[in-house]
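Please go over the structures that come below.
Okay, so chain A shows up in both of these, paired with chain B first and chain C after.
Presenting the complex of A and B:
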């Protein structure tokens, strides 16, 4: 039981971090970022290149992932999303753009890093063992703690800095924020960059444990979508809750339902449908109140 | 209207006479496979387009294509139905499932609906892997070719196995189904149902307040849409004679949506054109080798920047100037 809970917490911290980036982008620009999974994979590969190929310390790889993805996010917002949002008749056009970017990133990843499964050597050796009731490798614990620290850092950033306040205002009401003198274009760009940065960070964190490969982008996006549907789109607390709930459910499901084959996600989806029938906007779904 | 009729006649002539003649003359038999795929995918995107018509972004068509494919495959191999019987059954099965799934999820809108349909695609793939009847990751293979279809002793369609050229047969089958689907689609759009759908697209609350049964309409259109998806999937299975859980994945669902976008959401023939352009574009770009996906996606992004309202909006502008 303790094992299941610990696994769930560890998975949930990763998931929450992915969902945070997605929900941030969604709340600021009303864009569903299909390319989020690909950004995550890209971040993983950057860390892999820096750590495993150039032999630099892990933290350098993590920072490199964050910086590269943030720059990429900022450029994507400025040169792709902004003009399309301005010109198109329907909101949905940004979805095509996002899907196009997802394909584009897939192609870039394929060309730059190849299609092989990659991983970096363990950053910490050893296994934490509490009386055979709870077994967890130290590197997983470290990654889990790092992820939680990052989540806390992100919340602090949104709550207590000027940029965070501006972004929250933007998410509540774009027009009103603009009238109050918030530089809407600038903060949209920062927000997108921040979302991409988070995706890159998770990629960098997870490459040490599960490794990374080209095909992980799509399924990761799907999981992130599920999380923000559970929690409510565009709500920070919702994304965190959704991440931890999905992590827990996966952990419990893999143990309890193992006897019936690989039906965990089927069960999660079925319960999600029932849940959404009662609460279509998710747990905390209202725009950033 | 007259101009439209000429256009339709020209299209039918091109699809059913010109294409086989040209292919026979040039010997490019592989084009049949491409064109058949285009026709089938166009049927699927017709469904997606219909859900766009009620203002829902549907990224779950791959799920229904996969379901339809499996229904057809299982009925043929395990129960011994003929292909022609499984075709409507696959569509109806998908329509039935979509009513069950649609009742809760159609209450969602915009991005929420888009996300859950995408999740549905992934979950269907996982279900296909896990359920015993689908034979897991190994899939169902060596499915027989469609047999002959006869009504009252008159053979309408000969046995595909005895055909000199089953590729041509499949092409004609797919093209016929596509034409029928688009006729149905066009009928729906220009009927009372179409008007009601447009009212949903514009403002659901307002439509409900003047007595439109929005819940019923939503489920009905979604069921029709899924029927198309199942149909396309079933024919795909007959052509490839096999089906695997990965036959239709998230990327295919996204592609169905992209076909609609590229063609233009405001035009009935939009998805057909979009499918044709994107699928053929992808094939043509194979000369770019490893840069294929890069060029393809760059073009797609560029098109979004230049023509955010679809290819057919080009003609729109011309019409406006006159």
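Presenting the complex of A and C:
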């Protein structure tokens, strides 16, 4: 049982961090960023290149992933989403644009980094073993703690900084925020950059554990969408809750249902359908709880 | 007058240019060979090693004047299609090959894709060389598919038997991805293990192909305490993670697979935790490799920057196609002539030292010769490189 809970918490922390970026972008701009998974993959490959190819410390790779993805996010918002949102009132225009960016990033990743699975050496050696009841490698513990620290840092940023307050105001009511003097374009760009930065950071963190490959983008986006559907789209606490709930469901399902074959996600999807039928806005609804 | 002369001169120059261009392009006729396989996503390494092997060999042939078929030198052009491991796209790819008049195609890489393209290949007179194991593709009445490698039901029993005799393995567990290839490989592997007298302690645990944390997946398998953990049909992307999670959970037994892997990927993803991992290697070892194989590796590395051990096997399909057509030039456009030639075909194997031959095998497994003969090389991974464990031959 201890092992199941620890696995669930570790999975939940990484899932929550993935979902945070997606829900931030959705709350600020009402954009479903289908390219979020590809941004995560890009971040992982940047860290891989810096650490495994150039031999620089892991922290440099992590910072490089964060910076490059933040710049990429800012450029995507300024030159792609902003004009489309300005010219088109239809939601599907931004959805199609996001899907197009996902395909484009897939092609760019293939060209820049190749088709192979990549990984970087373990950042911490050794395994925590509590009498065979709880086994957890130290690098997973470290990544889990870092993920939780990043989530706390993100919440603090949103709560206590001027930019955070501006983004929360934007998410609550775009028009009112604009009338109160919030620079909508500027904070939309900062928000998108922050969302992309989070995706890059998770990719950089997890490349040490799971490695990274070209095909991970799509499935990552799907899981992130599931998390924000559970927690409520556009709600930070909802994304965190969704991440931990999905991580725990996965951990319990994979252990309890192992004897029946690979039915864990079947059970999760079925539960999600029933849940959404009763509470379509997710656990915490929109906006910002 | 001057104008008329100018016009005549221009017209003559134009005709001469076109004639010279025509001559230049007509130096060697072009023989198109297709590739339909997966070159994107988690299994991209399988198809990419196919495509790059073919492109490397084709460029080499073209650079050295072409391939001699019935006294005519042909330039080789590779036409590639990424099926994204999707059977619907594999069908579209094979239809594109048919539209381009291509009669010989390498791929697809996986079971469902290979099964899906069968009607298209048979209706359009296409011989195809899949890297997929369903026996019905190669047994009569099917006759257009030729297995391009050693199947898991041929390599698996050989590995288990070796490990029983040399490592005292008694209990075995299987884990597979939830897709047709890994599941069918798990089923045939489990049956083969039971037939050899091994105790199968776990063969029901499966995982999603996009799993990022294998610890919870592996936990019940490791608790069954096997001597040998078989990663059935594992993709190069998932193998390092599974090995790493198993070792981190305290598993100290043997780990093996019947699919080909990449040493660099294992080293990056699992490091020294992958030491001792047993896999089916590319069909070559330093002891077996001829000068031509070494030059192929050099050319491949020069073209693409990094070699893939799988290409030791993937280099063969194009060579078999060209050598068989050369043995019977009627096969250029008539696959029935190709099939007739396969039964008696034999040529020197340029990639192996000694008197090894290119020949079609498979009579024992399929009742007809529908498999290329390549050595079964079983490798063990140690400190970033594969070491040969044993070499066998399929009949």
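Rule of thumb we're sticking to: the second predicted complex is superposed on the first by the 287 of 289 C-alpha atoms of A that agree within 3 Å, B and C clash if a C-alpha of one lies under 4 Å from a C-alpha of the other, contacts with A are read in each partner's own complex, and residues count from 1 in each chain.
Here is the rule we use: a residue touches a chain if its C-beta (ideal position, glycine included) is under 8 Å from a C-beta of that chain, and two chains touch if they have at least 3 such contacts.
Just so it is clear, the structure is predicted and the values come from calculations on it, not from any experiment.
By the touch criterion defined above, A:219 reaches both chain B and chain C. Shared-chain residue A:255: touches chain C; no touch with chain B.
Of the two partner chains, chain B is the only one touched by A:97; chain C is not.
Of the two partner chains placed around the shared chain by superposition, chain B and chain C are both touched by A:265. When the two complexes are overlaid on their common chain A, residue A:34 makes contact with chain B while staying clear of chain C.
In the superposition on chain A, contact is made by A:135 with chain C only, not with chain B.
Of the two partner chains, chain C is the only one touched by A:211; chain B is not.
By the touch criterion defined above, A:54 reaches neither chain B nor chain C. When both complexes are overlaid on chain A, the residue A:110 reaches chain B and chain C alike. Applying the stated touch rule to the two superposed structures, the overlap between the chain B and chain C interfaces on chain A comprises residues 106, 110, 219, 261-262, 265. Chain contact summary for the complex, chain A toward chain C: residues 3-4, 7, 10-11, 14, 52, 106, 110, 114-122, 127, 129, 132, 135, 137, 140, 206, 209-211, 213-216, 219-220, 250-251, 254-255, 258-262, 265. On the side of chain A, the complex with chain B involves touching residues 26, 30, 32, 34, 80, 83-84, 87-93, 95-97, 99-104, 106-108, 110-111, 218-219, 221-222, 225-226, 228-229, 233, 261-263, 265-266, 269, 272-274, 276-277, 280-281. Residues of chain B touching chain A in their complex: 52, 57, 101, 103-105, 107-108, 110-112, 114-116, 118-120, 122-123, 126-127, 129-130, 249-251, 254, 257-258, 261-262, 265, 290-294, 296-298, 300-301, 304-305, 308-309.
If you check the complex, the residues on chain C that touch chain A are 39-45, 48, 178, 204-208, 210, 212-213, 215-217, 219-220, 236-237, 240-241, 248-250, 262, 264-265, 268-271, 306.
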